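Common to both upcoming complexes is chain A, partnered first by chain B, then by chain C.
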Partner chain A sequence: MNHSTENWLIGKETRRALNYLQKELREEPFSGLRIAKETLRLLRIVVSSVAPSGLDKVEDAVRQLGRELTRGYPRCFIAENMARRVLKVIHEELQIANNPRLDTSDLGSPCRNPVKNAKTVKNIVMESISEIEDELDAVLPNIAEQSLEHIHSNEVLLTFGHSQSVEEFLKSAAEKRHFEIIIAECELDYSGHRLAKNLSEENVDITLISDAAVVALMSRVHKVIIGAEAIMADGSVLAASGTFMVAAAARHYAVPLVICAGLHKLTPLFPHHPDILYDVLSPSQVIENCKVWNESWFRQLEVSCPRLDLIQSQYIRLLVTNSGGFSPSYVYRILNEFYDEIDTFL
Partner chain B sequence: METTSEVDNRHLSASKKKADKTKHTPPSRRMQYDDPSAVAKLKKTQIVRKKNAERAVPLFSHLPQYEQESIFSRGFQKDASELHPAVIKLGLQYASDVISGASSRCLSLLDTLALVIESFSLSEYLETRDYRRELDKYLRRNIQFLIDCRPLSISMGNCIRYIKSRISQLSPSIPEAENKSSLLKTIRNFREEKFERAEEMIAELGAERIRDGDTILTLGRSSCIEEIFTKAKNCGKDFHVIVLDARPRQEGLALCKNLIQMGVKTDYSSLYAASYYMRDVNIVLCGAEGLMSTGAVISGLGTACVALVAKEYHVPVMITSQTIKFSERGHLDAICFNEIGNPDELIGHEGSDWFMTGVHNEKKFANMLKENWKEMKNLKVLNLYYDLTPVEFIDAVITEIGIIPPSSVPVVLREYMSLS
Partner chain C sequence: MNGALQNSHEQELYSTFQKNVIELFEHHLATGSAYAPAATSVLTEVIKSSEEETVMGLEVQLKQATDAILKVAPIAAFVSLKASTELFLRFVIRTSLESSDFEECKRRLIKRGEYFRGLTEASRDKIAEVGERFIQDGSVILTHGNSRVVAAVFERAAKTKRFRVYVTEGRPDGSGYSFAERLLSAGVSVTIILDSCVGFIMDQVDLVLVGAEGVAENGGIINRVGSLQVAIVASSYNKPVFVAVESYKFSRIYPLRQHDLPLPSKYREPWYPLLPEVKISKDVQFENPASDFTPPSLISLLFTDLGVLTPAAVSDELIRLYQ
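Let's look at the complex of A and B:
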């Protein structure tokens, strides 16, 4: 990693903040919103320290930071997404600066400086970061708001593991309606137990099952609602491993699969090859019984623990995001709104 | 999950069928545990006292619920002195999961029933009584105790039905000792034919299907599948096995141990890794608990999940099963027939501090509910034993009579029934 530090545009202090964030990214429980906010905080520091040297330099610094974050934790797309969104704002500004005729903001001022001064650059980028931050704060309420349109009285819902947006979605529906929720525990991290605990105060009937019982019960389920770790550019979704099984079961029984996720998880990458998506965790996640670890035969046993599953877009009926519900085939349109094409690879 | 009266009725109806071949009757109805009158009737025959379950999942209220207390703390509601000591021992082994595999449960049942029949003698009763009727009565009480300990599996029901039909065919004019020895001989033959030779045959047929370089995925542990792997390895075949396990019953590690000691390359993971591995898999091999007349397979929880993922990846799914596991019932889903296990198995787990030091601290959540889930009024925990794999997910069934499509189950049943 040292070779890249030579031409670093950002100072030592920022570097320390970056290291801190990289560490935080690995911490569990995974919270996409927290990562997004931390990334934005870091971007603020970078922008304010580099802004005096001009917009070009800011762009380079943000790009470099995004790359560094990806290196820190390759399968966490949220941090890069935030960098991409800030980059898009910078690109727009650069375009205006190089092409004054496009600038409609101060039409009528005849003698205008072609290159904006450092202060305005900083202000514009900071403002856009604040806007993104406001948007992030509204993600959960915006998703929860839509719950009553999808959850009706006495329905049986199934969910897999724990997701913050799904929890809020269910809670907001439970305020008005009574329904039944089957929670598959998500064996990878047992986060379903957490959801069961968090919902225990609500007016819902909860049944906790093991992941393997999902197919057995699917015929009695009206809707499957799950969270996601990333929404890919073709509308497919990355989620905790085991989710594919749930999605396939839902399709077999023609039960609609609804994904609840904020748009900060939207990634302009395509899941070309499954191998780049698989993130393998420690075998200790699989084998709980420590006694076997010391036995001689055990050393020849290969134990794999994939963290993520890819659910192709054809399994998904609806994506519920903070800007409304849409089908996976619509994702490409939103991508253009959020990101610049040239930033797909930082 | 069959009661003695059910087994009884069916063997009666089977013998009636023989007398009057044109008469068609459906298999007798399964005991429905949410029917108060049926439960009241059952209570009279039960030997171990039952308690009412506190927190049943409504969808599964027709099944016997899990008993939190052991047999001893519940106590007997009837005189248990008539029970054979071997039966009591076996019942406790069933209840505590010491004997839990489908085949081993069935084999131990046959052995124990042979012991019971051997030690039964009319001299304790009136010598003038009918040997067949008294033996039948005696067996029924003993079997009821076994059912109280754990519901019978499909193959166990079939075994008991076979023995009962043999008892009813004994001749009253022949002396007791002769009857007894002929009965014991038929049980021995039955055991040899339906289990020992069947398993050998299945191992041979299954091993033929394994080619060099194959990757085979299996779930949990099944004695038949272990035999197939042993046979294939002995034939010098070079293959790779992926063993998956489904919580809460994790039996796959024992299979891994045996495979590695055999020298087979083995991978192990949990059920959630099915889609991760499935790209490289050639065959999915799974054991079964029973095959329904529709061709659907009842087997350990998770089999349907694996079969479903295999279908999505276009990987063939093969099931191994002796014909003794075939049932004439037709089931739609895993709700019709199942067993409910201890919910605490799902809540707690054997995690240790070892994990807490890792990067991923999520394991802590497993114990989140441990202390207080029973205080949460709206929370129910469901621990199922079996699931039903629909017929369209299964490509072939390996039985001792050959590799057949699952839709042939009723045909085999009909042929085999008419032969025996």
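Let's look at the complex of A and C:
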């Protein structure tokens, strides 16, 4: 990991922060927002230490960092996304530096200085990082405040497992409306139980069911609301294993599927690489309650525990994000706003 | 356009001009260039050698050249040529509005023409680069039609991966055979099937990859006849349909029905060769369309030199191109 010692990694502070982040990325379950914030903190350190060498070096350093993080945990998109967002800011600054006519930031000033010094540029990039951090702080509240548009009184909703965004979404609606929520427990980690516990104080009727019962109950559900781990470039979504079954059942009964996810999870990659889906967890989670695992014949079995499901865009009715709600076919627009195309593959 | 030409002398000049344009166009095609880059080269040449002294005059000449090219273009290239020449004419108009001096305008147009021509030629490599990521080791791909861009994608992927390709025969001209040869020489394992076997084979296929003669404003594609069928079957088996196409083929057309597409002149003639032992009475009627329109709902993604696009994103890119 530290074999390729670039100059910017030598700083102890940077290396410590990087190691910490890479460790975080390996832990389950991880909080997307925490990863994003940690990545931005690391990017701050890198930008401020490399800034005196010029904007080009800063760009290289951020790109290098993005690559290191991907190497640490190839399927965690959030850390790369933060690197890409900072890269977009840097590209904009580089464009302005090379073509001063584009600079509209100090119109009206009597003498426009076409060459910005390194300190100003560093400040601009740091300011943009702060803006992204503020955006991250506002992710959950922004998602939650849209809940009243989508959840109405006496509706029956269904969710799968536990997601922070979904929890806040439901809590916010529960303040004003009374509804019923069916929680599928998600047999992998029983995260549904955690959501049930967190919602128990609210003004909602909670029903906890096993994953297999989702299809049986779907005909009585008005809406399905689930969280996601990543939003891919074609509008499809990576979510916890088991959610595709929920999506297929919802489609069969024409029940609208709503995904709550912050835009830090939006990635410019397409789900064309099978590695994305072949992310497996320890089989112990499958055979936890199994009484026969010790027997000799059991050793011949292969036990597989995939972590993620891919839900294609045609199953999804609405993506509720911190920038508002939109349909999956609109994802390409948001992508162009957030990221530059050349940063897709770091 | 002939209304402005009064006397026979002007008509003579006009027909010589058209003849030269066509000659130059065919010369470029003979060097292996695709239709649109060849057309752009010809139009740039017209600007270079033009004796006109006003922008309006230049525009008229370019329109005459375009008409000449479209007259000799094969039906398969008609849509893309129309799209790319229209795009170039728009560049001309825009540039003429930006510069006040005619000579400077001409210089900029020539530079733009050469830049545009360079772009269109590099498109294929860029598309091969983005498209080959979607081909995995061990995948089975179905293709229809005879697109050089699709061949480029396969050739690039074949360098690092092993996969199988089903190629449709491509009646009536059987272009599937030459396409299969080309893939074989790139080291791809190829199986030829009848056009009617697409339904039979579809459940074994992982993805469908076709080219396009043109891309409509809503993200649908115009391609060799049979592509619509392949897309419908693929959609009913939930297999993704990918289209590899250069961005200069994006066009502002909006076909509402299959019959809105330009029909070849030999539309109602039988195709040759009919099977050798077939004898048919002259009273039997034939219909022989060359292309069909596949709506955007059946297309998963488009691989273009502007990147990977969903059909919904095509109209945004079109707006940007035509601005």
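As a working rule, the second predicted complex is superposed on the first by the 316 of 346 C-alpha atoms of A that agree within 3 Å, B and C clash if a C-alpha of one lies under 4 Å from a C-alpha of the other, contacts with A are read in each partner's own complex, and residues count from 1 in each chain.
FYI, a contact is a pair of C-beta atoms (placed from the backbone, for glycine too) under 8 Å apart; a residue touches a chain by one contact, two chains touch by 3 or more.
This structure is a prediction, so every number in the text was calculated from the model and none was measured.
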Between chain B (first) and chain C (second), which, if any, makes contact with A:206: first, second, both or neither? first
Look at A:285 in the shared chain and tell me whether it touches chain B only, chain C only, both, or neither; answer first, second, both or neither. first
Identify the partner contact of A:191: answer first if only chain B is touched, second if only chain C is, both if each is, neither if none is. first
Touching partner for A:249 - first (chain B), second (chain C), both, neither: first
Contact-wise, after the overlay, does A:214 reach chain B, chain C, both or neither (first, second, both, neither)? first
Touching A:235 in the superposition: chain B (first), chain C (second), both, neither? second
Once the structures are superposed on A, label A:306 by its partner contacts, choosing first (chain B), second (chain C), both or neither. first
Looking at chain A, does chain B or chain C touch a larger number of its residues? B
Show which residues of chain A both chain B and chain C reach, each in its own complex. 274
For chain C, which residues count as touching chain A in their complex? 133-134, 136, 300-301, 307-310, 312-313, 316
What residues on chain B touch chain A, complex-wise? 57, 59, 246-248, 250, 253, 256-257, 260-261, 265-277, 279, 301-302, 304-305, 308-309, 311-312, 333-335, 338, 346-347, 349-352, 354-355, 358-363, 365-366, 368-369, 373, 376-384, 387-388
Touching residues of chain A toward chain B in the complex: what are they? 26-29, 185-191, 193-194, 196-197, 200, 202-217, 219-220, 240-242, 244-245, 248-249, 252, 274, 278, 281-282, 284-290, 292, 295, 297-298, 300-306, 309
Under the stated contact criterion, what part of chain A meets chain C in this complex? 233-235, 270, 272-274, 329-333, 341
